[in-house]
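What follows is a short report on a single structure.
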């Protein structure tokens, strides 16, 4: 039985449509991330699941039961807020035991539960402290323990890591997934950070302007995104315009606007179609022949260097080289770039132009 | 345009030492990133340079002149804060021209500056809008234009991209740097995000607990960290404790379990207790290539371009490795793999006083 | 700052020194005179009892309404918002008259309309009802101000953890509420303690007030008699001293007690609390609260209008009344200008210098004139100025100085509060862009606090316009509008008093509307 099901969910504020006809199913025990830029409706969506906001239309099912008219406190959920929202007047332990206390469980049981979950997030030694005495990462871990201590099997995370330093974020995001899987909990995690989404999810739901653009596993969305917006949002990519010259033997030959020729292992379009190819920087490389370009910038990225170059049609492309090889390139150098046919993805050229199709805000 | 020297800056708030003997030199026209965890003293340093805060001790030199007596408004150092602080009752145009209006600049010059600024930050159609009507990215660009148009030659950026979505941040990094560079201004950019610093800076200064730990180009701080903290903060590293076996052209360290690891040259004498650090991105794991030791894969995390692999060594220690995603098929949970890195990518450090764990703590 | 200390604080507490210098006369005329002592003690006890009861009532019925205004969205919310402020626009003199006509048994000559309640014959009860009328808006506004600052996310978090709405409010919001609740209680209590004009009028209007007195009314009465009975000086001083000291002591005690009291946090009863959170119960509670608002606050405030329409008219001698009105205006105007000119700088100082040592002390001192009953304040001030010879003591000057004393804190608190809300980054950024501190203030901070400066000014203006106690305590034959109305009623000119009240109400109401218009205009930008 699926844990969460959204059917035709819609929310409007006056003339603004925040969420527009969303259908989504989250399986029992699945870790799903709802990813998208600010204003795409993801926070409104998760708040409707929690019951904090009432939908204008559509239904929310949790555990198979229709949640229409059911107040927040009866939905049996755990919710972690973006701004953490630990009760400032209660100690860490009392914060975590709030859920059990609200159910009027005995003080002994409350104690046991709070210790168990604080132990899971490794904060037993901070039990008696107050939220203001903790640092950001510890506060958020307490908030997580509090949400889990209510015993719910559904965990809703509203941009739980956005307020934290990037280093702390990286450490904490793995904890989220680990705890969720260990406890066998269904998790819905909202974020605007695609790297975060990729590292924690079983499945990603990409939203834009109130609608779901695409869903898939992190690998699927990275390797074979189904449209230009996804391709650009999920990770960096080069977008090259051109048109289909030939389709043969499972390969499409594309003539690029910048003069180069590229083979793509995809055959769902026809000769003459205007197209846009998406190629990620790590799959473009220097070759004896291919697309002509001139190096404009070399950026040190640690274990590799990111090279920016300008093509014949004045478009910028970026590709990666191992950092030692980066020393061999200089600004102004002319070279040819080739692409691995199996890694490039073809899309029809969007009617309103590429800029509009990938716009973030 | 100015060069800046910070000499022995000290500033305390009760028990907290925000600046504790801070020395730093910033070159004329340079884009310097001040990188460090929250609470390291980055914002305090910026405020002292701007004149908004007076240090307890130490000197700030602008173009080699002590500016202790120089008022905030006379330093020509524009501050761009995390929240942008766009004046809510003024339009985009009025915000951008704020600095020039204060100075009483003539209409013609103001108009020219306005048009070129709006063009530069791609806000030409929005000059009549109020800040509340703009998106996050647009607000940021307005604040930037306001700082650039003010006639300042030093830009102080306090986590300017923090309030933006992750994806937007990545696109704006390049734009921000090239805009500032094109105007030949000196910039000090404060951040906690090492990716941001590596991509944007001419040089990076790592700050922690009120002191500068290391200054250098992105390649310097990445490949040649001076302390374990720097090695781990600018990109995660693996650490192994042991004893120096050999110094000289190639250093080697023997761990407590007797494994011999190699690193780049060091001056430390054989027999000294030391710790070896190597970036997880430089830590290679494979089935075939020989390695220093073996470890078992516990978990593989997909991160788009990379895979983050966590492995457990025989002695129970956890290490990590970052490899490109296209090697996915070759690495699965349970695999026993060889762990190797190029000698030049490893660095040995003396054991930090207070212990390694303490040294690496971020918060 | 010097101004503040010299002109405001010093005069306010000067009377305390009287205790030392003239202990002898206090001994003779007061402590040894059982009749006088009884009158004094009775009136002071009555004042404090009333203030206490009124505050408790206000909390009980004001809290649901404050909650509604802040947390809930419903049609007509703005209307309710305006309604609540209405009693503030009515000067307490007029309120006293209006409420008395509505609630109490009044003499025949008054010709109260037949649909008036005409039920209360106990002066004690009448005064309680009257004080509730004008302190209610203060309580609701104070509670709302605190509630707004408590992030609703805390309650929502509690509910996601399984607590019903009532449980979450009780265990999470209420404890966080405490600090601000103290302010509300203190303001309310002090306001009731201070009240003179309305009380005097109400007592005069009812059929048989049985010689009931409160602390302030005693001061007013005795000061008036001081010319012919000079030995009233000592009792007057004594009452003032007692009122001031007790008020200050109470301020400190309340602050300490409320912060330390451990609220019953232990048990949660899920089922009953759930029941109380849903369905009809909250709606009934809200409905009752609004009903109370209408019957006990709004109707009495405006009953005067129906009175005037129903009773037989007698002509009002417009000349002297207009004179008194203009006089009140003049005073209120001068007072407001002084308040702004000298209050804004002090407010800026307090708001920006939190870390200094002087600032917190100043902060507390600023509140003193607000707590001390205005009648006592007036008397103390009067004695202070008349006993020194640096400045000539014209009547007008004395009244102005007295009014400044208790309106000045209003402006300072308002402006300081607003400045504290503004992120200092705005001014700092302006300075790094080349603006000198003055320029940064003028172009950046000032536009942001303009609204609150205006709000403070209008609060000061209306407060001064409506003040009776301090005026009488300082110059007992003063001719301000409220005093004029009091005298009319003593003389039995009920209808004319009613007319005068209405004019006063209309004028004050226009001032309030202007405030609304300007501050709302600012907010919608």
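Per-chain residue numbering starts at 1, and chain names A, B and C are given in the order in which the chains are listed.
The working rule: contacts are C-beta pairs under 8 Å (C-beta built on N, C-alpha and C of every residue); 3 or more make two chains touch, one makes a residue touch a chain.
What you see is a predicted model; the values in this text were computed from it and never measured.
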Pair of chains joined by more contacts [C-beta pairs], A-B or A-C: A-B
Most distant chain from chain A, judged by the mean position of its C-alpha atoms: C
Chain A-chain C separation of Cα centroids, rounded to whole Å: 55
CA centroid of chain A to CA centroid of chain B, Å: 24
Residues of chain C whose C-beta touches two or more other chains: none
Footprint of chain A on chain B - complex, ascending: 37-39, 135-138, 165-168, 170-171, 192-195, 198-199, 217-219, 222, 233, 235-236, 279, 281-282, 301-305, 308, 322, 324-326, 328, 362-363
Residue numbers on chain B that touch chain C, as the complex places them: 50, 52, 71-73, 75-81, 83, 85, 87-89, 98-99, 102-103, 130, 146-147, 150-152, 156
Partner chain B, residues of chain A touching it in the complex: 37-39, 135-138, 165-168, 170, 174, 192-196, 198-199, 218-219, 222, 233-236, 280, 282, 299-303, 306, 323, 360-361
Touch list for chain A against partner chain C, complex: 50, 52, 71-73, 76-79, 81, 83, 85, 87-89, 98-99, 101-104, 146-147, 150, 156
Chain C to chain B touching residues, read off their complex: 423, 425-426, 428-436, 439, 443-444, 447-448, 525
